[in-house]
Every structure is written in structure tokens, then in C-alpha cells.
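Next come the structures, one after another.
Below are two complexes that have subunit A in common, paired first with subunit B and then with subunit C.
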Partner chain A sequence: MTITATEICVLTAALLACLMVGSLHLRVNLWLYSLSTLCIAAATATSALEHSEMGPIFIAILIALLKSVAIPKFFSWAIDKLHVQRDLGAMVTPPLAMHAAILLFALSFILTKEIPSPAGSVNGWFGAAGGISLVFTGLLLMLTRRLAISQIFGFLVIENGIYIFALTQTNGMPLIVEMGVLLDVLVGVMVSGLLLFKIQKSFEHIDVAQLTQLKEY
Partner chain B sequence: MNFLVALTAIPLTSVVLSLTKLKVEQLRVVIPMLTWLQLVILTFLSWPALLSNTSVLTFSVDFSIDKIGACFLLLTNFIAASSITHSAWFFANEKLLGRGEEPQHEKLFYVACALFVTAMSFVFLTDNLGLLWVSIEATTLFSAALVYFSRDKHSLEATWKYLIVCSVGIAFALLGIILIFASSQHGAIPGGSMSIRLLVEHAKELQPKLLQLGYIFCLLGFGTKAGVFPLHTWLPDAHSEAPAPASALLSGALLNCALFAICQVTAILKVSEHALLATSLPVIWGALTALAASFFLIHQFGIKRLWAYSSVENVGIMLFAIGLGSAPLFFFQALNHSLAKVALFLLSGNIIQSAGTKDLSHIRGILQVSPSWGITFAAAAAAVTGMPPFGGFVAEWMILSQCENLTQGIAAGVLLFALALSFIAVSLHVGRILWGKPKHQTVVHPTFASTIIPLLLCIFSLLAGITCLPMFFLNQP
Partner chain C sequence: MTSLYHWIFFLLSVALLPVLVLGTIRKTKARLQNRIGPPLWQPFYDLVKLAHKGETLSLTMCGVFRLSSIVVFADILVLAWLTPWLCFKPWAPEANIFMLVYLFALARMFTLLGSLDSGSAFGAFSASREATLGLLVEPAVLLALVALGIFFGSSDLRVIFSLSSVSTFVSSAIWIAAGLAIFFSSLVELSRMPVDDPTTHLELTMIHEAMILEASGRNLALIEFAHALKMCILFGLASQCFLRAIPQFSTFNIYAQAGLNIAGLLGLAMFVGLLESLTVKLQWRKVPEFIAYILSLSLIASFTAIGIGAIK
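This part shows the complex of A and B:
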């Protein structure tokens, strides 16, 4: 069984995301996210070269510029402004959570084995596994963190996973849809980033575990 | 492209006007007029689709509309126009109370409303699953600004929950849509397609495994946005913390959008060879949602939370109708729910302003405070619980009588129990609100003007029930 360059990029991205779960330092998380997203841009580019199409190259450049440079820059600025360095961590300790993430990485290979490979290509198994693993990692990140900013990181990782899934399981999404999704994610991240500042201002912390004023009695 | 201009010209005008130096008092007159004008334009635009039963009106590559879509489009814009018109009185009263003193906030409210309603319109107009997803995600982003309106701690918490829960939920719907797209690339359509109508045409040739998996993810994702149990957690918070006209929009228009998306995806699976999933899963889930919501209704402490859970219950009923495969019934139920629930949210906004609290245990004797509010409130509550002369009763009756097999029969039994339970719970709460001695000094003097819109909505709901006109219009005797 041969492994293509795209699949190597995808699996590297998934493993880098697993490492994110292992560190509570926000800046380390941002670097890992940036690298993981760069791998995804590389995967987009190599898959475009394999199919000898030029359209996706444009998307790869957009992803590299927006998601692996602009978004981490924005959050790095936000971290400075909010004066937070570390997440507090919830429920399980980071090393344990990272091992869980790696276990889920392995599990996603089992889960995606049954998914039929995309039309016209021999095998899409590794790509699907990488995508699902990223989704799991993102969910795990959201569950094991307390700061609002880490929840946004988790969402970004999930979104990367879904993008990888689309990249490897379909023969190219329509361009307009791809653009729309990218725009929505960017605006969503900006809106939630701005909300972070409002939460910091009103509550004087960004700890989601303490946002419990609204509940059922 | 012409239709895109027609669709976005008025909302963009509202946005620009709201951002200029016009006074809010002027905006309160201009913006509602523009939204009613938009409703007229959309009626003209979708008129051919409304008249014919089968044909689909195509605007351009990814945009087309059929009869049900046109009905939903007009309903959404009608609800939006009513809510925005009422918000003029609502904000004038806020000012009397000494709240909402920042005109900038109100202007931003109008901006967010215009964009939000446009995003919702696109949900019904697009034929492309991907663009459908983009529109629904856009509604989340724009309506977050509405939930955040009062800018206090509670609204901040509600907005954060809303944004995160819905974004993650909707992300799963995207995964589902990608799976459905992938299923079309296995020989059914060369190159694959996201067009809903093409997918329905070729449903039998789609790759079954991918299609079923995609359907489940779509149900999960759009279900989060529609507020089905156990994914409803954001809904009561967001509905309760948003200002009353925004709660009305969220409940009366946004939930329909998410359910419409589920309806579209169900339509694809229904004609494929694996229809069992599409007929049983939404029916069972809908019945369970209604049941869970009716339990939450019993012990409620906030007036708007009460109506939020009642919305969850109605989402359950609508999901049930979708599972039965009857889009007209789904529309009929959505119509009645939207009319009655918007009336209730708008009136609750008045009551909260007058009583100065959202706490149900402190709101008493509304009939004494203002008979016109009290009577309209009682009528709207009766309509939303499905009392006989109103449209809700006819819709629920037809839904329950359409069950075909054992699974649907059992689910219908559960649904019936949930309906009875929620009827009792809502009647008890409404009874306590209406009678008794007012516990508070009336701050805002109730004006009849603030009853006009809710009263009209109740009358429409009554007419829909007595004449059953919507059902004849949709050819479902």
C-alpha cells in the first residue's frame, strides 16, 4: 500500500493537532495550530498537483495566508491584550488528554475503514481518518479546556478536520461553496474573538466554567 | 443577477440608513416600512412559484424556489416585518423606562435585523446544499448580535453559548453535506452535484452508505440549530436574553429555517432506497423532543423561557411532520406556530416592561393591568397549545392522523401525551399570569398600539384554523 504526499501532509496535520491537546500554553497551541493548518494548505496544493488542476492552488494560498497566518496573528494579539498565557484545564490533565487524542487518532482509522473510497481514486482511507481524527481532537480540546479562547481553537481544529474530509473524500467542492465556508468561518472567528474582549470586560475573566448564571431551577 | 439585486436592495438600504445620522425616531418609521416593502417585492418575485403546484421557479444557477419554499419565504418575511414594526413601540417603551438610552445600540439592532432576515431568505431561495449551509451559518452570526443587544452579563453568556453551540453543531451539518456530495460522485451524476433537485432526481443512484451517514450528520447539525432535545441548551438562554422582537424572530423565523434544511435533506433520502431512516428517525426524535420540552414546561421560572421551551416542543411536532414526509403539513404547523409564538413573545416583551421582571412568580393580574393585553395573550397561548378553533389544532390533528406504521403510531402516542402535558402546563402558567392581583407598580402605561401586531397575528392564526385555507392552497385536503 502506497501513501501519497497529500496523505502524509494530512496525517502530519492530525498529529500536530493531537500535540495541541498536550499543552496548556496558549501560544504553543497557536503555533501548533498554525503549523497544522500549513500542512493542510500543503495537502491542498499537492492534491491539486496530483490531479493537475490549478484552481485549488489558489485555495491553498488563501488557507496558508488567512488560516495559518492571519488567524494566529489575531489571537496572538488577543492573548497579549487579554493578559492570559495558560489555560486552566478541566477534568483531565493535559498529558492524559493528549494520549486520549492519540488513541482517538488510531480509532478514527478503524471508524473510517468502511467509508467507500472516493470515485475515481484508489483509496481515500488515510485522508478520511486524518479528517475524522482532527474533528475528534477539536471536540476533545473543547471539552478539556476552560478558557473561552481555547474553545475557539477547538472549533478551528474541527473546521480543519471537516475541510480535510471534503478535500480527500470528494473530487473538488464547488468553488463558490468553498469560498462561502471560508468566509463564514473567518467572520465567526472574528465575532467570537471580539466577544472574548466583552467577556473579559464584564466578568474580568474568560473562564467558561464560571459562566453559569443562566440555568434551570 | 437581477433577482439578487431585487432581493438585497431593500435590506442594504435599511443597513445604510441605520448607519447614517438619522435619528432613531425616524428609523422607527422608515425601517418597518422598508421591511413591508421587501415583503411585497418578494411576493412579486415568487408569485409564479406560488401559483403552480409542480413547477420550480429558477432564478439562476444555484437559486430556485418551489411552492413550499415560496410559502416559507413569505412567512419568514411577514414575521420579520411584524416583529420589526412592533419593535418601534418596544424601543419607545424601553426609553420611557430609562433603559436602552444608547441610540447606537438600537441602530445596530436594525442593521443586524436586516442582514439576519436576508440570510434567512437565502435559506429558502438556494437550491445548493453548500450555499444552504453558508446561509444558515450566516444567520447564526447575524442573530448573535441581536441576542447580545442588552450588553449585560446574562446576554453575554447567552450569546457565547449560542455562538459556540450552534457553530459546532452546524459544522457537523457541513460534514453531512460533504458526505451527501461525495455520495453523488459514485456514478449518479458526473462530477457530483450539490443541487437538491438534482440529488432528489438521482436519489436511487446515490452511494447508499455515504448518503445515510450524511443524513444522520445533517440531522444532528441542523437539529442543533433547530433546538431538538438534547441539543437545545442554547435555545432557552438565547430566546430569554434577546429583546422581545428578536426573540420573536429567533423563534418564529430562525427555527423554521433550520427545520426547512432538515426537510430538504429528508426529501433526498425519502426517494432513495433507504427511506426507512428518513421516515422513522425524525418521527421518533420529534416525539421525544416534544415530550422532553413538555416536562421542562412544568417547572419554569421565566416567562420567555416558558415560550422558548414551548418552541422546542413545536420543533418536535414539526420534525414529526417532516418524518411523515409531508412538507405541506410541516408548513401548516410552522405557520401556526410562528403566528402564535411571535404574538406571545411580543406581548411578553410588553408584560416584562410593565412588570419590570421576567420572573413568572412575580407576574400576576395582567387582565387587570390591561384587558387588551390579557385577552390577546390568552388567545395566543390557546393558539400555540393547539386549542380547537385555531390553526394549530387542525395541523396537529392532521399530523397525528397521518401515521402509517407501528413505529409512527407509538411515536404519535408519545407526541399526544406530550401535547396534553404541555397544554396543562402552559394553561396553569397563563392562568397565574392573567388573574390575581398585580404585584408591581405599573411603570409603563399599557397602550393599545402595542397590542395591534399580536392581535392581528392571533386573528390570522384563527382564520387559518377556521378556513384551513393554507391546506387547500397547498392541495392537501
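This part shows the complex of A and C:
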């Protein structure tokens, strides 16, 4: 049983995302997200080398610049503006949530074992497991957090998972589709950032647990 | 003939390395505080001084207090013989993972009994803390060792650390995860910095130092040496794990292996000194979280081992 470089990158990205669940500090979360996305960029690049194509290299550089540098920078700026340092956490304590994330990471290997990998793809099982695990981790992150900004982190992790799943289960997507997805993510982040500031302005907090209460002005 | 050399080197390192490791930690801390610090052999002089001092015993004590330090010392010596914390080790019988973990637990239990027997409030206080920590950290250590056991298909540490297996990327990853888990849980087990400050002057917050507060003279020397030897065993085990992660390690000759082994041990001691200078003690309520992080390292290691086993 050999393990390819792409699979190593994907599994590292999934594990780094699991660590995100374990910390309530927003900056630590951002650093881990940035590193995890860098691993995903590396996975894209190595998978391009395995298929001996040059197009995805461009995508890899774009992911590294946009998703692992620009988006964390934007959120770092937003954290400063919103004056929040750490999440409050909901329901379960972060270390226990991290144990759950690692359990789901293990579970995703069992879940994806039977997925038939397409002809010619080399990163079938482990890649799919990493992708599904990232989706689980993102969901867990969204479930166990109270601040709106952490919900966006969860969304970004899920997006990474979907991207990884598509990357490893196909023989390469068209360049234009990948660029479209990247643009969508960027716009999504910008819009959610705007929403964050809006919520902060009208409610004076960004705690989603309290957003269900009606407020009179 | 080689087995005789192994015995000599082993006995020498059991006698000298604990002192050296303690000295290294103190020297590192002193240098980081811009002090020259005590010489490396200062713990040895301390032990000699303690051995010549008289002993004071509280009136409420029964025999358990004196007995406990002897049992702990003997137990740690047996552990030093069984645990593969050094490359050059004389012949030893089977070192089962579970037996080793519970021999450590036996040492802990007798330390607790001794501190309860001393009848001081501080002793009982710290004994309850030590019991809590022991309860929490045991699954982390056990899972880390069991992960190695699953990967190598044996619960005997001699087989696991025998250098016969081929090294792959995955095996390196498991070795590193297990080594990190063992190292960080040894910090909890030895009540060192992120969990407890061994050099604080406040008995209320101490764990291990408050338990041995009533010990004096030879008794204290015995306990101190046993504690230092336990530190050596645990750090040595962790450094062995890290060295096994180097793919070419099994091809080195025995002298290089032994040198790297001792260098790794002292390197971990220096790292502990660095950690104790740079970090602050965790809040007591935060310690379970710290242990939970260690547990997640062990979980990663064991799941990887199970997964690889399933593929094979």
C-alpha cells in the first residue's frame, strides 16, 4: 500500500481542520485554516503533476494566494474591527468537539470505502475520505460555535471539503469551472463580511444564539 | 561479552542520567533568566547532602509513609529495566504495554498513600489532585502505546521497539504522534510546567512537591531520585519514538544510536526548561482540556494504525 503525495496533503489538510474545532481563539482558527488551505493548494499542484497537466498549477497558486492569504487577512481585519478575540462555544467543550471531529475523520474512511473511483484517478479512497471529513468538520464547527464569524469559518471548511472531493474523484475539472468556484467563494466571503458588520451594527453583538430573540427598537 | 557491556552502560545511565537531566533543565532555566546557574551535577550533590541529613517523622504516621518511598523507588527501578527507554539495554523479560502503564500507576498509588499517611493538609490536597490527573492522563498514555502495539501487531514493547520493521511514511507519522502524546502526557505525569510549577513557593498549587512535603533526609533523597529516574524513562521513551521516525535510524551503528538516544533525552530536557521559562502555568480548570488535546494526538495515532491494519 503506497500513499501518494496528494493523499498526504489532503489528509494533512483534514487533520488541520480537525484541530480548528479544538480551539476557540479566532486567530488560531484563522492560522489553522490558512495552513489547511495551503495543504489543499499543494494537493492541487501535486495532483496536476501526477496527471502531467499545467493548468491546475495556476489554480493551485490562485488558491494559495486567495484562500490561504487574502481571505484570512480579510477576517483578521474583521476581527480587529469587531473587537472579538474568542468564540464563546456552544453545547460541547472544544476538546471534546475535537475528539468528535477525529472520530468523524475515522468514520469518513469507512463511509467512502465503497465509492467507486473513476477510471484513471489515482487518489480515490483517501482523497474522498479527506473531502468528506472536511465537510463533517465544517458542519461540526458550525454546530459548536456561537459567533457568526466562526460560522463563516465552518462554511469555508465545508467548501474546502467539496473542492477536495471534486479534485480527487475526477480527472481534473475545466479551468473555467475552478476559477468560477474561486470567484464564488471570494464573493461569498465579502458578502458574509458585510453581513457580519451589519449584524454587529444592529444587534451590537455577533452571537447567533441570541439572534433568535426578537428585539424592539 | 556484549551483554556485560550492555549491563555496565545501562547501570551507569540509570545512575547518572537522572541527575544529568534534572541538571540540564535547571541550567537551561537559569541561562534563560540570565543567571549562570548551578553546575550540571548539582542534583547529585543535593542527593548526597540529603542522604546525610537526619529524618523527621510526624507522630500520626504509620509504617506506610516509610514503606511508600521504598516501594516507589523499587517500582521505578523495575520500570527502568523493562521500558525500552535506551538503545543499549540488557536482556529483559516481556514488557507488556498494560503491565508497564499499571506499574507506573502502582508508583503513583504508593506516592498517594505516603502523602495521605503524612497527615498534613497539603498532602491530602495534592493527593486528590494527583489522583485526578492520573485518572485523566492514563487513557492518553495507554492509547498512544496501544497505537504502536496495533501497528506492529504485538503488545510487547520489545517487539515494537526492535528496529526490525520497515520504515514508511505512515509508520513515521504514527511514531511522531505517539512520541508527542507520550512526551506531553509525561509532563502531566511528572507534574511539570504547563500543569504544575515544580519551583513555585506556594504549596497550595503544587502537586508532586506538596505530596512529598513531609519527607526528609534519606526518604526525600530516595523519592527525588525515583522521580528523576521516572522523568528519564518517560523522556527516553518519547525520544526513542521520535528517533524511530527517522527512516534510516535502523541502519545506524549501535554507538550512533546510543549517542542520538542520549542527545534526544537531553534535548527533551532542554525543551522542558525552555517550556518552563516561556509558558505560564495553566489554570486548574484548563488542565483537563490540555489532557484532552494529548488524547486527541493518541486518537489520531491509533486510528491511523487501525486504518493501516485494515488495508494490509
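In the analysis below, the second predicted complex is superposed on the first by the 209 of 217 C-alpha atoms of A that agree within 3 Å, B and C clash if a C-alpha of one lies under 4 Å from a C-alpha of the other, contacts with A are read in each partner's own complex, and residues count from 1 in each chain.
Everything below uses one rule, namely that a residue touches a chain if its C-beta (ideal position, glycine included) is under 8 Å from a C-beta of that chain, and two chains touch if they have at least 3 such contacts.
Only a predicted model underlies this, so the values are computations on that prediction, with no experimental measurement involved.
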Problem set entry | Clash or fit (per the criteria above) of subunit B with subunit C on subunit A | fit
For this session: Classify the contacts of A:L96 with the two partner chains as first (subunit B alone), second (subunit C alone), both, or neither.
Result: second
For this session: Figure out whether A:G22 sits in contact with subunit B (first) or subunit C (second), or with both, or with neither.
Result: second
For this session: Please indicate which partner A:V181 is in contact with in the superposed arrangement: first for subunit B, second for subunit C, both, or neither.
Result: first
Exercise. Vertex at subunit A, arms to subunit B and subunit C: angle between C-alpha centres to the nearest 10°?
Worked result: 150
For this session: Using the touch definition from the top, say if A:I115 reaches subunit B (first), subunit C (second), both or neither.
Result: first
Exercise. So, does A:F105 touch the first partner subunit B, the second partner subunit C, both, or neither?
Worked result: second
Problem set entry | subunit A residues touched by each partner, larger count belonging to subunit B or subunit C | B
For this session: Please work out whether A:I3 is in contact with subunit B alone, subunit C alone, both, or neither, and reply first, second, both or neither.
Result: second
For this session: Report, in whole Å, the shortest distance between any C-alpha atom of subunit B and any C-alpha atom of subunit C after the two complexes are superposed.
Result: 22
Seminar exercise, completed: subunit A contacts subunit B in the complex at 114-116, 118-120, 135, 139, 142, 148, 151, 155, 158-159, 162, 165-166, 169-171, 173-174, 176-177, 180-181, 183-184, 187-188, 191-192, 195, 198-199, 202-203, 208, 211, 213-214, 216-217
Exercise. Which subunit A residues qualify as touching subunit C in the complex?
Worked result: 1, 3, 8, 15, 18, 22, 93-96, 98-99, 102-103, 105-106, 109
Seminar exercise, completed: Note: in the complex, subunit C contacts subunit A through residues 169-170, 288-289, 292-293, 295-296, 299-300, 303, 306-308, 311-312
For this session: Sort out for me which residues of subunit B touch subunit A in the complex.
Result: 62, 128, 130-131, 133-134, 137-138, 140-141, 144, 148, 151-154, 156-161, 163-164, 167-168, 171, 174-175, 178-179, 181-182, 185-187, 191-192, 194, 207, 209-210, 213, 236-237, 240-241, 296, 299, 301
